[in-house]
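Okay, so subunit A shows up in both of these, paired with subunit B first and subunit C after.
And now, the complex of A and B:
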């Protein structure tokens, strides 16, 4: 990644190191991942108690939907990385296009999730069907909530990219938002194999 | 200014008093499982009738302590220059609703223990009501901490009232409460009202929230005093 050229207040490659965004966003990210880690640990624990039921329920999940969503989120993360880089180089139009692409990937993710939930509910597989499906809806639902919040944040990132990075607070907002979006991606990367693939 | 410190004590005092009532008197940790047969449940309320009510009385008094605590939070929020009064009021009204909804299960437990010889099916109904009222109305609790978190993050003063990380911390605490709604659906496992998500995680992190906010509020009060002493209004 190229060094930031425009922002005088950006620490760049100094010996002090550079925390993307600000310290506070990492409190949130690490805290959030701790909660998800506990949920994942809970899932693995309860799964071991009723392994047959969990495997049988897992077989009914649509892995294609899951795989498409994995691709969408990975692409969106890539767009966010490129967009952040473009914004740092003050390539504003390019940055805006990249953030818009990231937003569309997020929207695609939500759309696929809608059809996936619809398919499951029509099959009678609701959150009360069994414990696996309680976990399935809770984990993917919480994650989807994070995606939706991230999409709202991306709208503001898109608007901010128009004026470019001028102040330290612009940089903090941009990097903090990108950090959050990568966390949403990372959580899915754990969630997908855990729910859809683990044997 | 000393009055504010008393208000701040309301938070930790609530945690202490509520824990004594909830855990040691009523014996609600761990919670009676939703699958408990009605006659066993009736026996539990009969055998512990007095101690459950003692616990309810303590919890009831502890919940009252939250009102000055919430008022103090809103008072300190209103010192944030860029903070809209709408956010200050959202924190206060949402927090007050939490107190009201906390009173509800306390009273329901007390009513159940008041006449435990009634039909066990009714005891079970009241018990269901109490636990679902306690853990599932999460929207108000989420709004309360999110309003506070948004206000903190919007603070652009050189010396903010609360440190910025506290803003993110409050948003995150809001996220912790969301899974509680699962207790409406599950009777067993991690999503039931005695399970990991609606019960253990919120209790642990909500308790911690009071202690963290207590320290932060004391810092905010100290800053306010220093600013008053030096005559600045930053």
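And now, the complex of A and C:
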């Protein structure tokens, strides 16, 4: 019986597949995704009990802000994919610029959220206004916290990109960080239609 | 710059952006009829589209496509279970749907 063929010399990569980062990151990511999934399910469940209130409250949401935020996060993920690619090819300056662009998209997202929250609060729609708004602030707030953490992570990725990927630890850090950032994008992808578009 | 755009991830981005704009258009009030009325099939479609986007992100941005089959299965299972629960609750637990 012959040994399985090894596809590349990158650690962890065999013909059976490559886990981006390491297993631990995926345990965290899938766990976090599951926590959000339960919050989403809770939202849809409670919505069913006060449909009129939820529909009426949703009508005040700014769907354009929501769509812009979706496009910002999708773009930031593209920048992270390209940055990861550049870092792997040792195109360090390019990698740094791409990660910087991803960071700016994240900052753009935060800025839109600031204006959106401000608009809501000025309309008297605070987290205690009603059950829909409690969910709205809790879900988007928890997500925003993830975005802010991701932005801090991107700063470290940007700094590390200067010296390049030289060790397994560098690779794990780069891929793990990218995985986390894409997760933040992924969560918003589900959140946006549930809060803003669901009728 | 052009070389960057030729990357497969760019096609994925275009699809994701296109689906986003389409979903947003679908889900936005078009002023026809009472805007407070629920639109069951449109919303179901919007939720399904969001899960298609999730799969694209997982498999193409997060590199699950090149991951061991166990991780692929777990990711697909998450998508299926979340889809069933959210659409199930929406269609069957929501009054009037």
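Basically, the second predicted complex is superposed on the first by the 186 of 199 C-alpha atoms of A that agree within 3 Å, B and C clash if a C-alpha of one lies under 4 Å from a C-alpha of the other, contacts with A are read in each partner's own complex, and residues count from 1 in each chain.
In the analysis below, contacts are C-beta pairs under 8 Å (C-beta built on N, C-alpha and C of every residue); 3 or more make two chains touch, one makes a residue touch a chain.
Quantities reported herein were computed from a predicted structural model and do not represent experimental measurements.
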Report clash or fit for the pair subunit B and subunit C bound to subunit A in the combined superposed model. fit
Applying the touch criterion given at the start, work out whether A:47 contacts subunit B, subunit C, both or neither, answering first, second, both or neither. second
Does the superposition put A:134 against subunit B (first), subunit C (second), both, or neither? first
Angle at subunit A between subunit B and subunit C, C-alpha centres, nearest 10 degrees: 110
By the touch definition at the top of the document, which applies to A:70: first (subunit B), second (subunit C), both, or neither? second
More residues of subunit A in touch with subunit C or with subunit B? C
Could you tell me if A:185 is touching subunit B, subunit C, both of them or neither one (first, second, both, neither)? second
Would you sort A:122 into first (subunit B), second (subunit C), both or neither based on which partner it touches? neither
Once the structures are superposed on A, label A:145 by its partner contacts, choosing first (subunit B), second (subunit C), both or neither. first
Now for A:25: first (subunit B), second (subunit C), both, or neither, which partner does it touch? first
Between subunit B (first) and subunit C (second), which, if any, makes contact with A:37: first, second, both or neither? second
In the superposition on the shared chain, how near does any CA atom of subunit B get to one of subunit C? Answer in angstrom. 15
Looking at subunit A, which of its residues have contacts with both subunit B and subunit C? none
Residue ranges of subunit C in contact with subunit A within the complex: 4, 7, 9-10, 12-13, 16-17, 20-21, 23-24, 26-29, 35-39, 42-43, 46-47, 49-51, 53-54, 57-58, 61-64, 66-69, 71-72, 74-75, 78, 81-82, 85-86, 89-90, 93-96
Would you pull the subunit B residues touching subunit A in the complex into a rising list? 153, 156, 163-169, 171-172, 175-176, 178-179, 182, 185-186, 188-191, 196-197, 201
Where on subunit A is subunit C touching in the complex? 16-20, 26, 30, 33-34, 37, 40-41, 44-45, 47-48, 51-52, 55-56, 59, 63, 66-67, 70-71, 74-75, 77-78, 80-82, 85, 175, 178-179, 182-183, 185-186, 189-190, 192-194, 196-199
Considering the complex alone, what residue numbers of subunit A touch subunit B? 22-25, 27-28, 31-32, 35, 38-39, 42, 46, 127-128, 131, 134-135, 138, 142, 145, 169
